[in-house]
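Read from first to last, the chains carry the letters A, B, C and D; within each, the first residue is number 1.
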Amino acid sequence: MSSMRMKTSRIETLVDGIFAISMTLLVLTLDIPNIPSSLSETAFQRQLGVLWPQLLCYFLSFWILGGLWRVNHQQFNFIKRTNPTLITINIFCLILIAMIPFSTEMVSTYGISYFTANIIFQANQLLAGILYYVNWEYALWNGLAEVDGRTSRFIKDSSLVLPICSIIAMGLSFYMYAWSNLIYLTIPAFKKVLERKYFPKAT
Amino acid sequence: MSSMRMKTSRIETLVDGIFAISMTLLVLTLDIPNIPSSLSETAFQRQLGVLWPQLLCYFLSFWILGGLWRVNHQQFNFIKRTNPTLITINIFCLILIAMIPFSTEMVSTYGISYFTANIIFQANQLLAGILYYVNWEYALWNGLAEVDGRTSRFIKDSSLVLPICSIIAMGLSFYMYAWSNLIYLTIPAFKKVLERKYFPKAT
Amino acid sequence: MSSMRMKTSRIETLVDGIFAISMTLLVLTLDIPNIPSSLSETAFQRQLGVLWPQLLCYFLSFWILGGLWRVNHQQFNFIKRTNPTLITINIFCLILIAMIPFSTEMVSTYGISYFTANIIFQANQLLAGILYYVNWEYALWNGLAEVDGRTSRFIKDSSLVLPICSIIAMGLSFYMYAWSNLIYLTIPAFKKVLERKYFPKAT
Amino acid sequence: MSSMRMKTSRIETLVDGIFAISMTLLVLTLDIPNIPSSLSETAFQRQLGVLWPQLLCYFLSFWILGGLWRVNHQQFNFIKRTNPTLITINIFCLILIAMIPFSTEMVSTYGISYFTANIIFQANQLLAGILYYVNWEYALWNGLAEVDGRTSRFIKDSSLVLPICSIIAMGLSFYMYAWSNLIYLTIPAFKKVLERKYFPKAT
């Protein structure tokens, strides 16, 4: 249907823009504390100590967003056509991506005190991850992607790493509160394992 | 006039950028409430309850912006040339698009108490929608678009869905306040009907 | 010098990005006033009255930024090569473009009470306008642009409209405070005159 | 490994986006002071005096970001292929780039009173600079760049200018607090010297 044709280049521009802005807006979760100007340097440094959890969450969310962006690009490397439903799926993905600065601030403010705050953060990652999995499945089933079987399965498994980590993190957050989020740091190792499995001679 | 030539690719980049940023700035309408750190989890969850109207408005505005972005892209799929007036129309569109995070915050803060807040939000959507309709009409009348008659009428009708929904919502908001905005969720159904009407064999 | 070669496409991407973000950040100058939820609708509307000067400034700044973006694009339509100095000039332009949300907030907060606030806003526009004039002159003198004489003079004159309006506005702001900024609304008329002068048969 | 192929154009879009947004978010470090509307113009101007250190930091950070963006573009002018590790290095670069609005606000708020605030700002620049050096070395060692020896050494030396300036600034900040940051203004001179050394006949 001619009026519905949409080059993938366009949705990619929107996606890249929203990823770039979400990543950069994460900086707004770093609050400069209000410190009087008459302290000693060591007292000042002690006051800045409140920044550590914020910095860790900033780093973690940026890293997760970077991972999602890679998954998106791996997929669109092979997705050659779009249709209205694929665009809809991607707009839902973007709704969740753009929320990550919010859920990051949630976890960096309340993640130490309340597991609910961590669950919100992890549910955000989980849903975004699942939608990218759905995106790939939908593209494959509707013949929008041109890809060989092995790569297709590799991308499918890669897309599942974030959702699985999020489910584990949600389970852990009942016991470990904010520490449960450290599980996200294992994502690159998981991906490396998948790479080795599917493309043993490369790397 | 040679100095006035402007590739459509450039206005598209600006448009995509402003859509991406407006969508992502919507996240700033989600305010982390100020909650003491000594409550029980259920008390914390109850306090987070104030986020629901904000989340609904966030979702709704993102969705409407996504719809406007699609209309824009449908149109520029066929608009092959620009002239200064078309650029002016598009800059006016962008002024309204960039205001949506503001009118979203307006409706998510005051939409339950005052119908005026809803009217502001709906008037913003209405004007943006009308301008995109004008954009298409202008492009057609001035021979800037290359398109067959059926697709042209389809895009014209598609462009009218948002303004019509906005007018209905403005009428309802006198009686239903913020609930009137739920009418925007019917947009995809309206578009599906139009698609079926104009391109019966496709889909 | 090979390592210094830079395609114009890259500086254009940065420029478009910064224009898009500056335009969209203008929305942050629109503050939702803090209003109790128990007023009548007319009282609520009266309270929203404080938004008018902010909305006017928002509109004006967006419009001026749109005009500067057009000048930039007219110029880069013909600038085919860059060199480090041209990039430097453009980065200085961007420093001033990115400041416009700040000077807009300045004028929308204090423009009615203090002419200094208006001068800051107008000086920002003046400097940005002058730098784009310098940009064009530099490109011409160093053979970076491929353009015929008439178009070249047209772009030169076009680039001067904003600085001249800014100087007039600065003079008027001593007497008329914020109202002096209305002079910027005459920009399109000035440009139309220039178009008629240089390209009489077109339009 | 086919699924890992990624065009450099994509990482460049993300990089340009994040640079553009970080630069523009710097404007949020400029705070409109809260001034009563009944002062004389000179009293108003005196109150605005608090903006000077903020404006200097804004200018400085924008300038440094502009310099880093140029280094990035010089490098990607010659980097023709990417691999997952190169993308990882670049995402780490972006984490640091996106933090610059934060460390700029840190230095513009506390840089006069505490050398620690300056060290944070300078460490941010230092790490970003080092990562771009690592990026280039990595690309060269893994055959991802196509470049002659002289240009390669020129870019390597260029990439070292910012880290070296940052180390000097960190040393000076113990004695000169915020003034130590003025050393960053010497970057263009350093780069000019390098240009003369490597490409004597050009310029």
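Brief remarks follow.
Keep in mind that, in the parts below, contacts are C-beta pairs under 8 Å (C-beta built on N, C-alpha and C of every residue); 3 or more make two chains touch, one makes a residue touch a chain.
Keep in mind that what you see is a predicted model, and the values were worked out from it rather than measured.
Between chain B and chain D, the least number of touching-chain steps is 2. Centroid distances built from C-alpha atoms place C farthest away from chain A.
With angles rounded to a multiple of 5, the C-alpha fit of chain A against chain B returns 90 degrees of rotation.
At the interface between chain C and chain D, under half of the residue numbers involved are used by both copies, so each side presents largely different positions. Per-chain CA centroids place chain A at a distance of 25 Å from chain D. Each chain gets a centre from the mean of its Cα atoms; for chain A and chain C, those two points are 36 Å apart.
Residue positions 13, 17, 20-21, 25 of chain C are each in touch with at least two other chains.
Interface note: chains touch in the pairs A-B, A-D, B-C, C-D. Residues of chain A touching chain B in their complex: 1-6, 10, 13-14, 17-18, 20-22, 25, 84, 87-88, 91, 94-95, 98-99, 101-102, 105-106, 109-110, 112-117, 120.
Within the complex formed with chain C, the chain D residues making contact are 12-13, 16-17, 19-21, 23-27, 30, 32, 35, 37-39, 41, 44-45, 48, 58-59, 62-63, 66, 69-70, 73-74, 77, 148, 151, 154-155, 188, 195, 198-199, 202-203.
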